[in-house]
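Below you will find the structure I want to go over with you.
Naming follows writing order (A, B, C and D), and every chain is counted from residue 1.
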Amino acid sequence: MIKVTIWNENRHEQKNPDVQEIYPDGIHQALASFLKEDFEVKTATLDEPEHGLTEEVLSETDVLVWWGHLAHDEVSDEIVERVKNRVLDGMGFIPLHSAHGSKIFHVLMGTRTGELKWREADDKERIWIVDESHPIADGLPEMIEIEKEEMYGERFGIPQPEELIFISWFSGGEVFRSGCTYKRGKGKIFYFRPGHETYPTYYQKEIQKVISNAVKWAAPNKKSPEIKLGNVEPLEVIK
Amino acid sequence: MIKVTIWNENRHEQKNPDVQEIYPDGIHQALASFLKEDFEVKTATLDEPEHGLTEEVLSETDVLVWWGHLAHDEVSDEIVERVKNRVLDGMGFIPLHSAHGSKIFHVLMGTRTGELKWREADDKERIWIVDESHPIADGLPEMIEIEKEEMYGERFGIPQPEELIFISWFSGGEVFRSGCTYKRGKGKIFYFRPGHETYPTYYQKEIQKVISNAVKWAAPNKKSPEIKLGNVEPLEVIK
Amino acid sequence: MIKVTIWNENRHEQKNPDVQEIYPDGIHQALASFLKEDFEVKTATLDEPEHGLTEEVLSETDVLVWWGHLAHDEVSDEIVERVKNRVLDGMGFIPLHSAHGSKIFHVLMGTRTGELKWREADDKERIWIVDESHPIADGLPEMIEIEKEEMYGERFGIPQPEELIFISWFSGGEVFRSGCTYKRGKGKIFYFRPGHETYPTYYQKEIQKVISNAVKWAAPNKKSPEIKLGNVEPLEVIK
Amino acid sequence: MIKVTIWNENRHEQKNPDVQEIYPDGIHQALASFLKEDFEVKTATLDEPEHGLTEEVLSETDVLVWWGHLAHDEVSDEIVERVKNRVLDGMGFIPLHSAHGSKIFHVLMGTRTGELKWREADDKERIWIVDESHPIADGLPEMIEIEKEEMYGERFGIPQPEELIFISWFSGGEVFRSGCTYKRGKGKIFYFRPGHETYPTYYQKEIQKVISNAVKWAAPNKKSPEIKLGNVEPLEVIK
């Protein structure tokens, strides 16, 4: 069974009554509630020791889901390096929504992933599927409508996605590359846009289906090849 | 100087007074009027012998721009094969708007490129740049607004673009991958969405800039390597 | 359980005693012998009615494996069109070795996929993994050595692979993109190089592992979105 | 005229008489000698103040060529950050050979780009073109043979290239993705493998042609769109 760790900053939920009302147990528990139907799920939050991401926890994690926003800077560089190494060694990584601005997404992408347009104004969002063949699109309708969401608009500061699965339309006039895959080392990465803390987006069934599909897709291979790096002897006799 | 041939079906212009008023000399001449500022330009149309695309014309063409709609089926398979071969041999190819449904785009892509949503209802279109680094985006604003256009919506039946440069937003609620590059053989291909016959889109400066940039980008290399195909002798003595 | 149909031209096996000795029941049976451990397997061959690929057979096929060489031209255009449509509708497709020159691979790629260098001279082949994260690489060593094989060399006339998983080294001095993925419509495609009829390549465990992994990867999504194409009403009221 | 800055660590040349003999004025001057035929060229080296890469120098650089090996760790993090920012703002970047292990390539790729196989044993290298359509392949033969070079072998720790132009064959049995393009922000990046300090590789005409082509390709767009980031007003009235 795939082992998922859901990491949440868990700060809005402590400060903002509106967020508390929507996510009384934190966004991580809302995510856990549906992911645990199919996977073995743990949670971890910023204010735990080592942000809850000890070497042991990470070594037991197949896929790490990440939600952060207010406190990207409080995530220690050491833990960022640790997470990066686990991704390169095969752990799947699923940054959600404002995690586009997290340190760990920055270092894995190499670009200014924090850069985008945004607006908190109850925009309607329509998430259109552009790659039907992708396992992450399995079982979805052709378009997911979210009644009200924060708007994210292009130009989004990411490298060209290896696969672009979703594009969002916003009522205020913008578009956004909302579902993007990357591979870094042995790790698979899926960025998924929706999920502002003041909207009940993670209770929407289609959104849950995307995240659940993404966990399956991002799970590491069972057995990676052992690769000999560095100085090697020739395999052929060089004339 | 890059040699451009603009191919136009040129049927709407003969039949529909509204189109005649907008493009009195045909869409091909509207395209020629700005492309000839930078390139050596010829035009060709469906009803000319061999659709104006003789072996000689194609052999003297660096980049072929293509507009067609009503009469995709009247383009002969022989000419389609001839154009395909020239693309694979290095000629750039720029299908515009409804040319997504042309035979030649179908055979180069291998998919049902005719498949998309559409609506003629004076939608507003916003074309957002998602790849600023691309030469085709040079000198553009971050977004091109077209007051009224036909809507094209996803899911568009293309293979994943090698580079996605533009995404369109439509006021009716849809999105579209509007600027897509591909390479086939030695030929570079750029599909660009706008340009319905009943709107004066090709007179808009930013649209002209995109097409002009695309011609430069799609021009073939000066000197391709000579490649030995088929049965070859070993370069090394096999033990 | 994934339903696999293995298609084989099955002509070398009828004519050439050397091939008969290696593959006495045909290449299709050699492939079936290991695929049936994990999948529901059927076979089909060129000389059966409709080449064994009736509408019924294809509609019951999740993944089609294809081996052909001598008689690409004898495959009827009607069946090619039928297979293409099934791929675009979601059937996985795995062309092996000389199937690079098949009609069906040509029409799905849009290029001259028959173009490459080749040599039958007992070259040694080493297939190096360049994408460890890919499910098709699961459980493999970092390199697969084949003692003797036909050589295929670049430049191979394919579009740039969406994912490049393997690169081959040949003792005679050439390289080749040996494991390439594409998506066309809802269908996933994996081209895999090895398997010349005069060598016992398909009995090699690592080669079997690649093909078996590829079948799992290429299997269609359980439930694709229903997509409304063509003329659509606006989702928003257009001002 | 495109402005090129060639950065060289310039340490081997100070220490190793064999290298001195091949590159008496340093690798940077060998590169400059042919690049200055087409471009405006400056050089910079590790031991200059700010490694020769002041804000002013970088702001006047269209394309930065980078050679480093022994002293990757001595490049200051501040300069790495500065170079990274210039790349994201549009400067082209061409890391050569052992620059795969440089800090700047690491941070732009997000992976362990230092990871590969290597051997100094006078391997023969053949660099095969796999993308003829690419401007970087213009005017080349189908294969570049280097009589003796250091071997680099897969698995190379890079993200999947956006375009793969060259694959190397080595006489000792390995292959390598030798010519890889990426885009990061507005900047274009081309990694090119050859050029070990103890071989006269940069005097070879075809190698010079590749680097010269790459400079042209990597030069920034003349005028990038001004992009409004952050909090934006809606373009449409939200109901």
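In this section, contacts are C-beta pairs under 8 Å (C-beta built on N, C-alpha and C of every residue); 3 or more make two chains touch, one makes a residue touch a chain.
A quick note: this is a predicted structure, and the numbers were derived from the prediction, not measured.
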item	value
Shared interface partners, meaning chains that touch chain B and chain D	A, C
Distance-maximising chain from chain D - centres being C-alpha averages	C
Whole-Å separation of chain centres (CA-atom averages), chain A against chain D	31
Length of the line joining the C-alpha centres of chain C and chain D, rounded to whole Å	36
Touching two or more other chains - residue numbers and ranges from chain A	126, 129, 131-132, 142, 153, 155, 160, 162-163, 171, 173-174, 183, 185, 227-228, 235-236
For the chain A and chain D complex, residues of the former touching the latter	84, 88, 107-112, 115-119, 121-124, 151, 153, 155, 157, 159-160, 162, 171-174, 182-185, 227-236, 238-239
Contacting residues of chain D [partner chain C, same complex]	126, 128-132, 142, 153-156, 160, 163-164, 167-170, 173-175, 177
Residues of chain C touching chain A in the complex	90, 126, 129, 131-135, 137-142, 162-163, 171, 183, 185-188, 220-228, 235-236
